[in-house]
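Shared chain: chain A. Partners: chain B in the first complex, chain C in the second.
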Partner chain A sequence: MKKIIISDPTLRDGSHAINHQLTKEQVSKYCSAIDKSGVSIVEVGHGNGIGASSIQVGLSKEFDIALLESARENLKEAKLCVHCIPGFATIKKDIKPALDAGVDIVRCACHCTEADITRNHISYVREQGYQAYGVLMMAHMAPIDVLVGEAIKMESYGAEAIIIMDSAGAFLPDKVQQLFTSLCDNLNVHVGYHGHNNLGMGVGNAIIAANSGATILDGSARCFGAGAGNTQLEILVPVLEKLGYTTGIDLYKLLDAVDFISEEFKSSIPTVNSLNIVSGLSGVFSGFTKHVLRISKEYNVDPRDVFFRLGKRGVVAGQEDLIIEEAHNLSQEKIGKAT
Partner chain B sequence: MNSKQIDMIREDCSLVFSNPEKFELLKNESILITGGTGFMGSWLCESISYLNDVHNYRTKITVVARDTDKFYEEKPHLAKRDDISLINKDVLDIIEIPNNISFVIHAAGTPDNRVHLSYPLEVINTIAKGTMRVLDACTRLPNLKKVINISSGLVYGAQPSEIERISEDFISGPDSAKSTSAYAEAKRMGETISSVYMGQFRIPLINLRPFAFIGPYQLIDKPWAINNFINDAINGGPIKILGNEKTIRSYMYPSDMAYWILTVLCHGSSGLILNIGSSESYSLWEVANIINNSISNETLTITSTLNRKTNNSIFVPDVEKAKNEFGLVLTVSLKKAINRTCRWLTIR
Partner chain C sequence: MLKKINVMILGSGNIGTDLLVKVLRSPYMNCTRFIGRNFSSTGMRKASTLGVAISDQSINAIINNPDCCELVFDATSASYHKKYAPIFKRMGIKAIDMTPSQVGKMCVPAINTIECLGFDNVNMITCGGQASIPIAYAITQVQQDIEYIEVVSSISSRSAGPGTRANIDEYIENTESGLKEITGCKNVKAIINLNPAVPCIDMQASVCVKVKKPDMKNISKSVSNIAEKMKKYVPGYKVIIDPVYENGRIIVMVKVRGLGDFLPQYAGNLDIINCAAISIAEEYAKLKLEK
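Let's look at the complex of A and B:
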């Protein structure tokens, strides 16, 4: 039976859903519960990764290190993992303290066409004897051959796995199948999939990825993640088991951990609403949703129009300021039409 | 670098250069080495310094490199020697070579595949144009006796699985339509450029095709399997084999590498093409086991992490030509090479 490594980004991607207001107590309780289930990897921190707490993408309630220390104390079996986007995160300021705090895996992420910027970060982590993964975000924005080329670069830098991140939940099964088949043909390391649910494809695409060679799958409790949320962990695991894969996860203990998320964050559990669907269709990062909604209201424009405009411009995370620009343009056009 | 590490390298040189009369052609000559501060260049400097110190060769070395300050910092025992002079210059900026130079070893160009993949155009530029720059300058040398162009075993392209060892007469090549072939294709172009300079300017030139090495001066952060294994082992393990454990490689110890290069520099004829490396092939699993035993840490474990099938590539040279034409053999086994490398990295 093929073994699938389950990586749980609930306490990282889910941070987007609560404007990065995660507390040490919440981290402790969830880590303690999920550790008992047998999940292999638990990701913790600001939604945009370590060092990302900022006015532009949102200030964290707690320092990164405080969250990581709480997680470390409660993870006895699972590996502790951080998301790390070079630029937000620097080696000296963020990665080194994170490793000192007990992090096992650093997932070095970048826009899917810019693997070059992860070289120093991946190399540093490997040189220190820790595990480094490469993450290609917004993967729907690049053709398959480009993604494979960028993944090969990350492998050459020392990445022990390449994770494909469908940040906008825009992937459809055919592309997932072609992409993972091609990645597995060209790489000698693990390949993984991180899905979002904008078009309802979270679990489906993860299964297609596994069938095409992926060995690491991300899933969040109750989809707790940016925008429409991630692949739903507590559905993904039993479906994989039914299909003959092994995950090493105890379903009841997993469901216990999921119940904590349901209770603790009941007002913030992601749903696939109209805006999320538009986000997926326009190929814009799910994490933009809250900002688009707020700014559209301010400029009195239809947020769905804003999403499609942003999609046409090919915006990526970090370009949140363009939301204001497009909302402003739309409002001006509206005034022009009215007069 | 500490004095014990320097002593170890000196000991390696004394073992391999036990017949110094073989290199008499180099006595009182001046050798220019491009890329002379890297792994290969440093070993050539060590070897010639040894011949100077122990056998009174009085051979002068001129090292051309982009960062000679780093050379001073990391290898002051070489950089401060009277018989070694440094020129801080990119190979692309070479116009003139000192007139007294009689031998040139063109070794510029990093073999680090992280750089090849991140900066393919710069890699092509450095190798192709850099080779032309050096050879242009060579055409103006009044006493030029020989040039060695350090090419690469990668010019053969992917080694077919049915060929255990690849020989110099094997004609193939990398996939030219892929940007990942930038380094290998540039090295092929470097050989073609060399051939043109041989024909058009009568430059006496030899192309060497190095394969894989392991030994002192090789940084263990380099993205090659054996380096990672040693790094894992020194850090207490486990040794992680990424990808296919049946991948086949061979490794040469750098004192042998330097001995082979200097032998060919003295005795090789213009137009020669020669593989440099070890023909003793090992799977990555075997390499990891040798390293594990070398470190002698009972808690060390070896993990092969991938659970899907991948291609097991081969990269092993046929070195019969080196043996038959120059009597070149391997004097350091892989086990000994790994032992000495681990000791060199940890000795204080």
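Let's look at the complex of A and C:
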């Protein structure tokens, strides 16, 4: 039976759902519960990764290192993992302290066409003797041959796995199938999939990725993640098992951990609401949703228009400042029409 | 005939090549050599077509010709500049450092030209720094109670060459150092995004400042004053979102359209750091020529 490595970004992607207000206590409790389930990898931190706490994407309640230390104390079996985007995070300021705090895996991430900005970071992590993955975010924005080329670059820098992120929840099944088939034909390392639910494809796309050769799948408890949320972990795992894959996960213990998320974050559990669907259709990063809502209200414009404008402009994750510009432009046009 | 000082450009990437086009227009500078490592690179071929003497001998082209120039633009990389800086100093050549090496005096011509003329090595910080630090500085001139400054730049992927990409950590560190040094605010953060959209996006930068009681009227005045100063040497510099107070922060956004010298106009990032370098170099040249 084919083994699937389950990687759990609940405490990282989920930070988007609570404006990065994750506490040490929450990290400790979830980590201690999920560690018993047999999940292989647990990601922790700010939604945009280490070093990302900022006005631009949201200020964290706690320092990165405080959260990582809480996780480390409570993970005995699972590996501790961080997301890291060069351009936000640097080796000196963020990666080195994270490794010192006991992180096992650094997922070095970039917009899906910019792999070469992760070169130094991937090499550094490998040189220090830790595991480094390459992550291509917003993968719906590039054609398959480009994605494969960027993945090959990351492999050449030393990445031990390549993760494809459907950060806007915009992927449809056919592309997932073609992409993973092509990646597996061209790479010698693990290939993984990280899905979002904006168009209801979270679990479905993950299964298609697995059937097409992916061996690492991301899933979040109760979808806890940006926008419409991630592939739902507690559905993904039993469905994989039904299909004949092994995950090594104890379902009851997994559900116990998931129940903690349900209780703790009651009012922030992601749903596929109207604006999240628009985010998926426009192909804009799921993490924009809360900012778009707030700013659209201030400028008295339709948040759906803001999303479609941003999508047309091809904005990438990290360009949250442009929300204000588009909201401003829309409001000026509205005033222009009225007079 | 007007006299000119002799300068050299070291580094034949996007920055070096665009600088060359600008130097050739300058009434105060004469480019005696354009130096790279490979005659077949795009930059070297461009220099040849412009009729400029070229060399593929890298730093040796300068070491072996002690009287070749009074000023060098170093457009290699941060790690190379750290090695070259002592050589330039020993040879008595003024260095305009285009890399984020943190070696020389941080320079933003709209703010500290006169001070920088006294240093033998000046650092042009980063493209994002040249676009955003003037705005941050303008706000610090009005507000005493600044808690935090954050600057975010977005540039088009096409305008970021291999040197820029390999130096992304240094970019952040150097932008943050420049921001701290010039504004006096200790709590700062710099972020950079590369966007691959086609047609290419124009360079933009956003400046966010956290203060307790924003004096928006005077901030607007101060920002528009500095923007006027910027336009004098960066014609495509424009404030696109005037200072607004939103979600507990002041935000200002600028866009930089380039002159389209080497890369097309979207590459305002290339243009602004090079226009700044030309501005300080010309002031230095004028000083020299007056003597």
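Criterion: the second predicted complex is superposed on the first by the 339 of 339 C-alpha atoms of A that agree within 3 Å, B and C clash if a C-alpha of one lies under 4 Å from a C-alpha of the other, contacts with A are read in each partner's own complex, and residues count from 1 in each chain.
The working rule: a residue touches a chain if its C-beta (ideal position, glycine included) is under 8 Å from a C-beta of that chain, and two chains touch if they have at least 3 such contacts.
All values derive from a computational prediction rather than experimental measurement.
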item	value
Contacts of A:Asp116 with chain B and chain C, given as first, second, both or neither	both
First, second, both or neither for A:Cys184, with chain B first and chain C second	first
Per-residue touch tally on chain A - higher for chain B or for chain C	C
Partner chain(s) touched by A:Tyr193 [first = chain B, second = chain C, both, neither]	neither
Contacts of A:Tyr30 with chain B and chain C, given as first, second, both or neither	neither
Partner chain(s) touched by A:Phe308 [first = chain B, second = chain C, both, neither]	neither
Partner chain in contact with A:Gly213 - chain B first, chain C second, else both or neither	first
Contacts of A:Glu127 with chain B and chain C, given as first, second, both or neither	first
Partner chain(s) touched by A:Phe260 [first = chain B, second = chain C, both, neither]	neither
Chain B/chain C common contact set on chain A	116, 119
Chain B residues within the chain A interface of the complex	113-114, 116-118, 179-180, 221, 223, 228, 231-232, 235-236, 240, 242-244, 305-308, 310
Of chain A, residues touching chain B in the complex	2-3, 116, 119, 123, 126-127, 129, 149, 152-153, 156-158, 160, 184, 187-190, 213, 215
Complex contact set, residues of chain A against chain C	54-56, 86-88, 90-93, 110-111, 113-114, 116-117, 119-120, 141-142, 294-295, 298, 313-316, 318-319, 321-322, 324-325, 328
Interface residues, chain C side, partner chain A - complex	148, 150, 152, 154, 157, 162, 165-166, 168-169, 172-173, 189, 191-197, 201, 204, 206, 208, 210, 240-241, 244, 246-247, 249, 251, 253
